[in-house]
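Each of the next two complexes has chain A plus one other chain: chain B in the first, chain C in the second.
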Partner chain A sequence: MTPAIRRPAARVGLYFAAFAIALYSAFPIYWMVSSSLRPTQELLLNPSLIPSELTLQYYYSLLAQTDYPRQFLNSLIVAVATVALTMVLSVMIAYGVTRQRIRGKKAIIAGMLYAYMFPPLLLAIPLYAMFTKVGLNDTLFSLVISHLTMTMPLGVWFLWGFFKAMPFELEEAAMVDGCTRLGAFLRVVLPLSVPGLVTVAIFAFLLSWTDYTFALVMIGSDVNKTVPLGLASMIGAFDLRWGDVMAGSTLIALPLFIAFILLSRYFVQGLTAGAVKG
Partner chain B sequence: MAEVSLRKLRKTYGGVVAVEGVSLDIARGELIVLLGPSGCGKSTTLRMVAGLESISGGELFIGERNVTQLEPKDRDIAMVFQNYALYPHKTIRANLGFGLKMRGIDAAETVRRVDEVAEMLAITHLLDRKPRQLSGGQMQRVALGRALVRNPAVFLLDEPLSNLDAKLRVRMREEIALLQKRIGKAMIYVTHDQTEAMTLADRIVIMRDGHVQQIGAPLEVYDRPQNVFVAGFIGSPEMNLFPAEIANGRLRMGPSAEMSLPAPAGAPDGPVTAGLRPEAMHVAPQGLPFAVRAVEQLGSQTLLIGSIGDLSLRVMEGRRDDIRAGDTVAVSADPSAIHLFDRETEQRLATTASAAPAHA
Partner chain C sequence: MTRWMLPAFLAVGVLVTLLLIVGPALYAVSLSFFDLPSLTSDPVWVGLAKYQAVLASAEFWRALWNGIVYAGLAIVLQVVLGIGFALILHQPFRGRALVRGLAFLPYLLPTVIAVLTFKWMVDGSLGIVTILMDEWGLPPIYWFETEQAAMISVILVSVWLWTPFVTTTFLAGLQTVPTQLYEAARVDGAGPIRRFFHITLPVLRPILTVIILLRGVWMFNKFDVIWLTTGGGPVGATEHLPILSYRTAFTLYDIGTGAAIATISFLFLSLAVFLYFRVFPMEDDA
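Let's look at the complex of A and B:
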C-alpha cells in the first residue's frame, strides 16, 4: 500500500470514489427491480426512490398470461447446451494446442481470436443461410451453434493461457505416480483449472443468455423465442407494459446473480490468473 | 544382476538425434550420475528411463522386465523433478500419498508409509500444509518423500538441487547420499554440476551431444579422462589444456626449447594436447617462470592465475600469503600427472606412467 492511501483524506476520497462507482452501476439494477414491484399508477406518474407499496402483479401476469415461461425455458436450454459444448470443446482444443505437437497450432489460436473479433451480425446472416440449407433454421439447436461462434473462441483463448501457465511436470509427476495421461488430466490439470473453467462457463452463459442478435435472425416462430426476444416483442406490441418488461428483466438477471454470488471467488481468481499468466 | 539395463538407447526428434546409443547396466544400490552440459541428452536419457519420452531405438530393462514400451506408471520408478512438481491443490500428506492411492494401497497402509517417510525426512510438521506454504528446501524434501514412499525399484532425479541456494544444496546433497545408501535402491541422478557428480556418484556417466564420453567411478574419470572434453569438464578449477609437442622425452609447451617439462614415460613423439590439473602443479625452487596475473585465496588453498610464456595456466597451491599479482615464481609438475591427448581425435594417449596408478 502506498503512503498516499494511508492518509485519512486520501482514504476518504478513495472510499467516496468507490461508492460513486458502485452507485452508478447498481442504480439501474435497483430501478429495474423496484419498478417490477410497484403498482402501475406509481410507476408511470410519480416514481419515488423507494416504492410506497409493493406488488407482485407483473410477475403473476408475466408468468400466467404470456409466453414468458416457455421463453425462459428456451433460453435455459440454449444457454446450458452452449455452456456444456463450450466447456467440452474448448478444454479439448486448448489442452491439445498447449500439450501436443499439432501442425499449425499457431493458426488455430490466431483463427480463434479473429473469429471472436467478427461482429455477431456479420456471422448471423450467412449462418442463417447455411442453417436453412440443412433444415436447421428456426431451431434452438441452430441458436446453440451460433452462440458457440462467440463462446468457443473465448473459451479456447482463455484456457490456452491457463494450461500454458501450468507446468507440464505436474502431469508427468502424476503419470509417474500411477495415472494414465487422461487420469493425470482429470486428477491434476482439471482441479487446478477450476477458476479458469468457472470463468469460461460464466462468460459463455452470459453471452448466450443475453444474446439478442443471433436469436432475432435465427428464430422466427413464437415457440422457439428466447427471453430477450420475447421481452423485445412485448415492447413492440400495442401497449407498453413497463411493469411486465421490468419483471421479465429481473427474472433474466436472476440466474446470473445467483451464479456470480456462488462462483465469484473462482471468477476473480480466473480473471486475474488469465490476466497475469495468459 | 543389473537392476536397470539401458541397451543402445536412442532418441531422435524428426531427423535430429538427441541421444545416440547409450548402454549402461546399473546394479542394485548403485548411484549413477548422468553429467554433462545442457543439451547433452542427459535429461532426455533419464526421461526415456522414466517413460516420459518414447524410446526411438534400443531396449530398456528394469529388473527382469523389458519396459521399453510400457507407460511410466507400469515401470516401477519414481521421479523427482527439478521444479519439484508438487500438486499445488493437495496437502503435503495427499501429495505423498497420491502414488499409493493410485496403486490401490489401502488407506491405513498409506497413512503408515507416509508417516514413516515424513519422519525420515523430518517433514512431519508440514503434512497438513499446502505446497505454496513451504520453502524451497521443504518442497525438495516433500518431492523426495513422494518418491521414497512408493518404494520403487529405481529412483530418477532430474537436477533436483538446482533451485536451491548454495548452502542448502550441499546439505541436501549429503542427505540424498545418506538416504540412497540407507534404502539401497538403484538411483539415476542428472546434473550439470561436476561437484555434485563427484561427491554423489558410485559411477559417473559423462555425456556430450547425445553421446556417452566416459563411464567410471569419480576418481577414475578424474585420474584418467578418456578425452579432452572429459578432462576439461571434470575437476574444479578446470584442468589446464594446451597444445604441446613431445620430443626427446620432453614436453615442449611453447616455441622456445626451454619451455618444457619432462614428458611422461612411454609417450610417443609428436604433437599432442596436454592436460595438467592446477593441483598437479606447484611452486618449486626450480622450474618454469610463471608470471602471476591474479591470486585467488580460497582459504586453505591459493589459486594462482598467470602464464608461462604465452600459455595461460592456473596453479593450485597450499595456502600462500606471500605471492602477489605481478610476481614471477618458478613452477614445476610431476611428469606422471600430465595427461596426453591426440591432437586430432582428442582421445587419451596411453603412457606407461599414467596407466599404472589409476586402477587402484
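Let's look at the complex of A and C:
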C-alpha cells in the first residue's frame, strides 16, 4: 500500500485535487440531470446552480408526446438480443479455441482483436448493402447483427483469457466421473466462469445501448429508431426543447449508472482486461 | 456428441466470423474498385481510379491531417489527465471510493448524450458555461463557428468521454507496482517526481503503449463524436477520414470513393494492430 500523505498542506492539496476530479467528471452529468428537473422559466431564464424547485414536466411531455417510449423499447430489445447472442457465440468460440487441439489458434484470437478494432463505418456500409439485398434493411434485426460485429470479438477476446486460465483437470475429473463433455462444460466450466460472463454481458450491453454509428446507417424509419438516434435527430429540430432532450438523456443513462453502482467491480475488470474500444 | 462438441463450436465461430466480419470487410474493400452511385445500381469496374482521385484531392489530405491532429491531441490529453487522476486516486483519502466511481461515469455515457449535454452547456444564450463566462467578464467563445474552436470542442468532448479508460487501467496498473521499489528509492533519497519517472512509468510502459497505439488509432477512426458535434464543419475544419468517407458515400452518392477512403484508414488500423502484435507477441500456450 502507498503510505498516506501526512503533511497538512499536502493533504489539503490532495483533497482539492480529488474535488477537482469529481467536479470535472460529474458536473456535466449533474447539469444534465438537474436541467431535466427544472421548471421551464428557471431553465431558460435564470439557471442557478441548484434548482429552486423540481418538476417532472419534461418527463411527462417526453413520454406522452414523443416517440421516446418506442425508441426506449427498441434500444432495449436490440441490447438484450445482442447480449444473448454475444454470450452464446463468444462462449462457444472461446471454449472451442482453448480446448480443441488445432493449428492456427493464435491466428483466430489475434483475428478477434483485429476484428474488434474494425471501424464501425467500414462494416456498416457493406452490412447495410447486404441487408438491403435480402430485404432486411431498416429492421431491429439488422441492428442486432451489426452490433454483434463489435460485441462478439470482444467477448471471445475476453473469455479466451478466462477459459485459458481455467485448469483442464477440472473438466477431466468431471468426465472421469461420468460426465459427457457437454455436461462437464455446462456443470463445471460455466458456473466457474460467471464473473467473466457477467463482464462480457455488461460490455455487450454497453456497446449496443450506446451505439449511434451503426443505427445511423442501418435504421431509416422513425418506428425503428433507438434512443441515441432519436435524441440525435432532436438536435436538428427547429425548436430545440432542451428540457425534453435532457430528460431523455437522463433516462437512457440511468440504467447504466444503476448497473455501475451494483456491478462496478465487473466494469473495472472488463475495462482493464481487454476492452480497448468503447 | 462428446467428440463433435468442440469442432462444432469452432465451426459455428468460423462461420459467423466469416459471414459477419471478414465477408463484409472484404466486400467494403472491393467496392473501392467500382463506380457505384447507389447500392442498387450496377457496379462499373474502374480499377485504382478511385484511389488516384482520392490521393490527388486536397480534401483527403486535409481530412488526414485533421484526423492526426484530433486523434493525437485527444489521446495525449487523455493520457496526461488519466495518469494524473490515477496518481491522485491511488492515494488513500476519505471518500476515495466515491471519487473513483464519479471519475468512471463519463465512460458509461452514450456519445450522443455527452455531445448534447456539451451543446446545452455552451449554448450561445442559455448555456451555463456561456452565462458564467459572461458573469466573469470573459469574451464569448464561438464553440462551433470558428475553425480552432470547433476542433477544441470535439477534442474536449472526446477527452471527457474517454479519460476514465486511461484512469481506470492506469489505476489498476499502479496497484501492481511492487512497493519495495518505492521504499528502496525513498531510502536512496529519490523524491516523488523521480520516483514517478524512474519507477512508475517504466513499470507501466506496456499499458501506456497499448493505450497510445490501439486507442490512438481507434480515435483516428472514431466517427460519432465529430459527426454529432460539428458534422465536420465549419467548412471542413473538423472533417477527418471517417466523416469524409461517410459524406462521400451517402451525401455525394459515390460509394466507390467512400469505400476507397475507408480502406485507406483501414490500412492505418491494420498497421497499428500489426505493431501491437510485434510489441506484444501472443504467448505460445494460446
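Basically, the second predicted complex is superposed on the first by the 239 of 278 C-alpha atoms of A that agree within 3 Å, B and C clash if a C-alpha of one lies under 4 Å from a C-alpha of the other, contacts with A are read in each partner's own complex, and residues count from 1 in each chain.
Note that a contact is a pair of C-beta atoms (placed from the backbone, for glycine too) under 8 Å apart; a residue touches a chain by one contact, two chains touch by 3 or more.
A quick note: this is a predicted structure, and the numbers were derived from the prediction, not measured.
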Could you tell me whether chain B and chain C fit or clash when both sit on chain A in the superposition?
fit
Could you tell me if A:L44 is touching chain B, chain C, both of them or neither one (first, second, both, neither)?
second
Considering only touches as defined above, state whether A:P120 meets chain B (first), chain C (second), both or neither.
second
Applying the document's definition of touch, where does A:L73 land relative to chain B and chain C: first, second, both, or neither?
neither
Once the structures are superposed on A, label A:L14 by its partner contacts, choosing first (chain B), second (chain C), both or neither.
second
Using the touch definition from the top, say if A:L54 reaches chain B (first), chain C (second), both or neither.
neither
Quick check for you: in the superposed arrangement, does A:Y212 touch first (chain B), second (chain C), both or neither?
second
After lining up the shared chain so the two structures overlap, which partner does A:I258 touch, if you call chain B first and chain C second: first, second, both or neither?
neither
Look at the residues of chain A and decide whether chain B or chain C touches more of them.
C
Kindly classify A:L186 by the partners it touches after superposition: chain B alone (first), chain C alone (second), both, or neither?
neither
In whole Å, chain B and chain C in the superposition are separated at their closest C-alpha atoms by 9
Both partners, chain B and chain C, contact chain A at residues 180
Parts of chain A lying in touch with chain B, wherever the complex brings them together:
167, 169-170, 172-180, 183, 188, 191-192
Show which residues of chain C lie in contact with chain A when the two form their complex.
1-2, 5-7, 9-10, 12-14, 16-17, 20-25, 27-28, 31, 39-40, 85, 88-93, 95-96, 98-99, 101-114, 116-121, 123, 126, 128, 131, 160, 164-165, 168-169, 172-173, 179, 182, 210, 214-215, 217-218, 221, 223-224, 227-228, 242, 245-246, 249, 255, 258-259, 262-263, 265-266, 269-270, 272-273, 276-277, 282, 285-286
Which residues of chain A touch chain C once you look at their complex with the stated criterion?
1-2, 4-5, 11, 14-15, 17-18, 21-22, 24-26, 28-29, 31-32, 35, 43-44, 47, 89, 92-93, 95-97, 99-100, 102, 105-106, 108-115, 117-123, 125-130, 132, 145, 148-149, 152-153, 156, 164, 180-182, 185, 206, 209-213, 216, 227-229, 231-232, 235, 242, 245-246, 249, 252-253, 256-257, 260-261, 264, 267-268, 271-272, 275-278
Okay, in this complex, where on chain B does chain A touch?
50-52, 71-73, 77-79, 81-83, 85-89, 98-99, 102-103, 146, 150
